[in-house]
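Chain IDs A, B, C and D follow the sequence of writing; residue 1 opens each chain.
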Amino acid sequence: MKVSILGGSGYAGGELLRLLVNHPNTEIVTVTSQRYAGEPLYVMHPNLRGRTTQRFDNREAGEKKTHDSDVVFIALPHGKSTGIVPKLLERGTKVVDLGADFRLKNPKDYQEYYKVEHKHPELLEKAVYGLPELHRKEIRDAQLVSVPGCMATASILGLAPLIKQRMVDENHIIIDVKVGSSGAGVSNSTAATHHSEREGGVRPYEITGHRHTAEIEQELEWLNGSVNVKVAFTPHAVGMVRGILATIHAFSTLNGLEKRDVWRAYRGMYMDEPFVRMVSDNRGLYGLPNPKSLVGTNYCDVGFELDSHSNRLLAFSAIDNLTKGAAGQAVQGYNIMTGVDERTGLEAMGLHP
Amino acid sequence: MKVSILGGSGYAGGELLRLLVNHPNTEIVTVTSQRYAGEPLYVMHPNLRGRTTQRFDNREAGEKKTHDSDVVFIALPHGKSTGIVPKLLERGTKVVDLGADFRLKNPKDYQEYYKVEHKHPELLEKAVYGLPELHRKEIRDAQLVSVPGCMATASILGLAPLIKQRMVDENHIIIDVKVGSSGAGVSNSTAATHHSEREGGVRPYEITGHRHTAEIEQELEWLNGSVNVKVAFTPHAVGMVRGILATIHAFSTLNGLEKRDVWRAYRGMYMDEPFVRMVSDNRGLYGLPNPKSLVGTNYCDVGFELDSHSNRLLAFSAIDNLTKGAAGQAVQGYNIMTGVDERTGLEAMGLHP
Amino acid sequence: MKVSILGGSGYAGGELLRLLVNHPNTEIVTVTSQRYAGEPLYVMHPNLRGRTTQRFDNREAGEKKTHDSDVVFIALPHGKSTGIVPKLLERGTKVVDLGADFRLKNPKDYQEYYKVEHKHPELLEKAVYGLPELHRKEIRDAQLVSVPGCMATASILGLAPLIKQRMVDENHIIIDVKVGSSGAGVSNSTAATHHSEREGGVRPYEITGHRHTAEIEQELEWLNGSVNVKVAFTPHAVGMVRGILATIHAFSTLNGLEKRDVWRAYRGMYMDEPFVRMVSDNRGLYGLPNPKSLVGTNYCDVGFELDSHSNRLLAFSAIDNLTKGAAGQAVQGYNIMTGVDERTGLEAMGLHP
Amino acid sequence: MKVSILGGSGYAGGELLRLLVNHPNTEIVTVTSQRYAGEPLYVMHPNLRGRTTQRFDNREAGEKKTHDSDVVFIALPHGKSTGIVPKLLERGTKVVDLGADFRLKNPKDYQEYYKVEHKHPELLEKAVYGLPELHRKEIRDAQLVSVPGCMATASILGLAPLIKQRMVDENHIIIDVKVGSSGAGVSNSTAATHHSEREGGVRPYEITGHRHTAEIEQELEWLNGSVNVKVAFTPHAVGMVRGILATIHAFSTLNGLEKRDVWRAYRGMYMDEPFVRMVSDNRGLYGLPNPKSLVGTNYCDVGFELDSHSNRLLAFSAIDNLTKGAAGQAVQGYNIMTGVDERTGLEAMGLHP
């Protein structure tokens, strides 16, 4: 497979490179970056030193080379894909877009959450929301896969079995997210992402109206047959580099709900999933999901607990925001689209400590 | 004032020393530590080097010296105060206890949350819950002040105006706490508090049935006239050293609630409080409470937002767990008990960055 | 005393504000910032919230107000002071400059290390290098005090007794520095200062020819009577926020040198210094200098060891780069210049942990 | 190949498991731990969850199973191997020992540096110092490989070309090491390794007489034909988890030495080495070795600079202390001993960020 990566100097683009450089079925035709055009990839991604001699292409050179590509990955800032994707689709190229431009089905959601009028609403239905645990079959046949947001991935996977089985009150779902600094992206370096400002604190941000709310509700409503779901979503910037923990506080709607019932719901949905693990036994160092164990992996670890005191069904979902939350999930989708084993290139098992 | 500190080698004891060594009204008669008896204080608390020549006394020597003391601070592990306090009270000594032994009013709560039969239930009513923002007058006349738990302090101060004004559904209150490593205490050093295990992760722990739940509900019910309050409380260990952020997700019960109404509730309660600040303008680097700004200070920063999407009233409350969450609050109570300006010795303003 | 702060939005300016807001002898007339003009100070320095209602002035307004000032502090980027200082001096105003523009005595050093021709070489002799431990008397009478660089402060104080007593080979002095992220300044936020890039690594930078070399050698040669000193200086960016540790590897020139000789050299020089502490007993948690204990304080902790294996005299020197390394030292100089107790406003004792 | 791991609950043992669980030529027969016997491996090493169903064996069960093993890895605390290795060797089993018991050739060095009389001095000559870059051929035929210490690995690889080419003064070599917290090991959890104590500081420790000095000098003297080498070695604990940076300050002995000469020395030695990379171009984010890029990899990154000001030859060497500094190097040796491609199982390329 020949692939192009448009936007290779950011963190998501770099993570794509890490996963694709040694991918057995893959030849990287071009990696673009306006800022670093002509420079070797390792200038921006020091981990690639000695592993590839490729250099960044500028936009024009890169675009030309996409003509040769079977699959184009787009890791550009939100809003940039809309202008590029239609041409690629016309040409018959497959596209895996890591941005938000094609995640939502309802054009109105772009107005509400992104404050833009979508330029190609006709493509929204064509795009497949690239969460394999929900849409594996559609991804197989898709020409355009839109990779979910990092916090949306953790949230949806943590909630899906509960929503599908209608175990919780859909109108009072709290998602309290803790996210590492790499989620801010490298080009968004501001005073608030400066090491001095971030280290040693916890900073709530975009505390209401967060954009990922739209895709979380869209997918959960798809799962439960269009029952309205209201998600109260608030992220917090913490002093780790990679990782997301979504803590989901929901209220049980079923009388006499027991742990084994919830367990069964999760098992039923994830038993055969290669990248979802149940971590719910409270055993050992991290007996519940902790993103620390997941750095560099494509796993989503999920766990839960019942709290009889508050009638709460508490769930946890952890991922690496750049892997399962972005580039890893993109490669997982790419594997599915191109018919190879879904786990190809995604076998890393995490570090301890 | 002559004061003793029983248990001076832990983090709370050390923070007491930091605040009292230069306290203008105070002479420290003894500081005890079984493990470090005979050693200079700076062996355990390097920040005290050059600021005091005192040494740790052993338990016996220390106990003798308490006879000379006007006030005894107890910073021993939970459960140790019960045996010591009655004797001190008989003698007429004032006591400020940083542990949990006298925080709860209902002896049954000790059975439920601490799995012990309380040895001196008759003293529970005598003890004053040492949160000045709620119990300033009682502290003034108290002989025994029981300093609130660190996470309880943040939670109660974040919620108090909302509960008092009955603005939120008392049965669906989520408190999602992020806490630094100093909360674990120095003597509880385990694999999980090892730097290698903690740094770079977010670890949920004691996710249900946390002991601080009892005192939070006790105080909130005291505030709202005994209406039952159910708190769903879950802490998370993050990779900072000092600090707590309590994120409070509650659901509004009032139709047409506006920001100014909530603002008025907070202002009404905290306007004259020397150590509670409103941080709710979303302006500047940290426009909402962030414990980073509070390291070493006795402030509690509170802020809030209305989320019309989920009908949520979202509140944030941040403190330094060792200062306002333990030793600073103890000194604040001590100041009140001994009739000096409440702010004495607690003027530090935090660092940036 | 009426003081102005030119350049108040950076980290050094913010630290000046922290130290001066409550300084008993001081009224802050103006704090300038082009970027934040009109905004309250807490927008950039969240720790000042509730402690001052002042706002940033723009450059023009600020400059006018300096006419009223007894002392002007300059915390602008290097190179900006040269244009401002001459006018202030003419007017008779006292100046404390935190930048490098007047630190070096030899104009040629500016060519070599800063790649600029100095515009006012005639003022270099007039300026006093503001390290009180070496130049206290001159500071007392100075009109222009040039505050030493942060890494220079740690290095000079660690080496001074050894150089003065000619205990080490002046041509083979290694200074290996570890520095926190606040040293980079807030306005220099680049990819390399991004939390994601800095946390979890150690990055050597400006490994040869570092600008602080010039002031270190200048001061050490002043101390030892103009014997040539060659310093091999290399800093490393580590993942802490505040703090510098300078590890000094030198080779002994005296036969039979013993620890007590070295101890005597340090004691002789620093015995009466309010802000230099000997930390050399290897006792307790940090029995050698560790910048962690010094966060927010004006101390310089120094310690040493003899290594018979390599004939080495090893010294350590730790400071908070923003306090003793910048604003604290500026205030110390200001106190001396204005005849108040040198320790005024600088009494903080550090935190543990 | 059937392998046993004696001592699998520590960090080095866990890293061995990470590397061997998927190693294509390897079946793990037993992993021992007294403390966790009977528990699944993931209890101690959360990253192994879902990747193996093995459990820890106790010592006795484990020892029996070593009879079936072709190779035994020992990751026990220093001093424990001496009693175990002789029996294994008699039986004809190959041994890879990660401890220090067989690293030194001269029994007197054990007296000096480890304060013990070596029980089996006759085995010291038989043991091969397991640094492939120096002893690849001997490793191939060895029955007992003694894996170098983590800080020794970084130091030797950084210095080897300079020593071999006799470019630097052998009597004035400074090695200033910065090391992450995982180097302390999980079982040595003390107050000083507690997150609260370590985070945010730099703590020099074992500043003279460090044990790794002995193996560094042994190997460098082996390289340069027994010319005496004196290494002045001092480590510093910093707030990262994995990683070592060794900064080597040496003084050039050759007149007119140029960068290309030094470059040639490094290239000559490392050109064909699969796990040593030259990072010396000062290009991009980390243009010099930074352990951050190496987390989880088996690389050693080396770089250098000439400093004409101080006649210094400055070198940097970075590794992950648990991989190239312990378990990765053990697996590299194991691959060589067993005749498979040296890189097998060690292909990870590091993360960014």
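Quick note on the criterion: contacts are C-beta pairs under 8 Å (C-beta built on N, C-alpha and C of every residue); 3 or more make two chains touch, one makes a residue touch a chain.
Keep in mind that this is a model prediction, so the values were computed, not measured.
The interface with the greater count of contacting C-beta pairs, when C-D is set against B-D, is C-D.
Each chain's centre was taken as the mean of its CA atoms, and the one lying most distant from subunit C is A. As a whole-number value, the distance joining the C-alpha centres of subunit A and subunit D reads 36 Å.
Inter-chain centre distance (subunit C to subunit D, centres taken as mean C-alpha positions): 38 Å.
Inter-chain spacing, taken between the CA centroids of subunit B and subunit D, is 45 Å. In subunit B, the positions touching at least two other chains are 11, 181-182, 186, 191, 194, 196-197, 199-200, 239-242, 285-286, 290, 293, 295, 353.
Within the complex, the subunit B residues that touch subunit C are 11, 14-15, 18, 21-22, 39, 42-51, 181-182, 186, 200, 241-242, 277, 279, 283-286, 290, 293, 295-297, 299, 301, 347-353.
On subunit A, the positions that touch subunit C within their shared complex are 11, 180-182, 184, 186, 189-191, 193-200, 239-241. Across the complex, subunit D meets subunit C through its residues 171-172, 174, 176, 178, 191-192, 194, 196-197, 199-205, 207-209, 213, 230-232, 234, 236, 238-243, 245, 247, 249, 251, 285-286, 288-293, 295, 305-307, 309-312, 314, 316, 318, 353.
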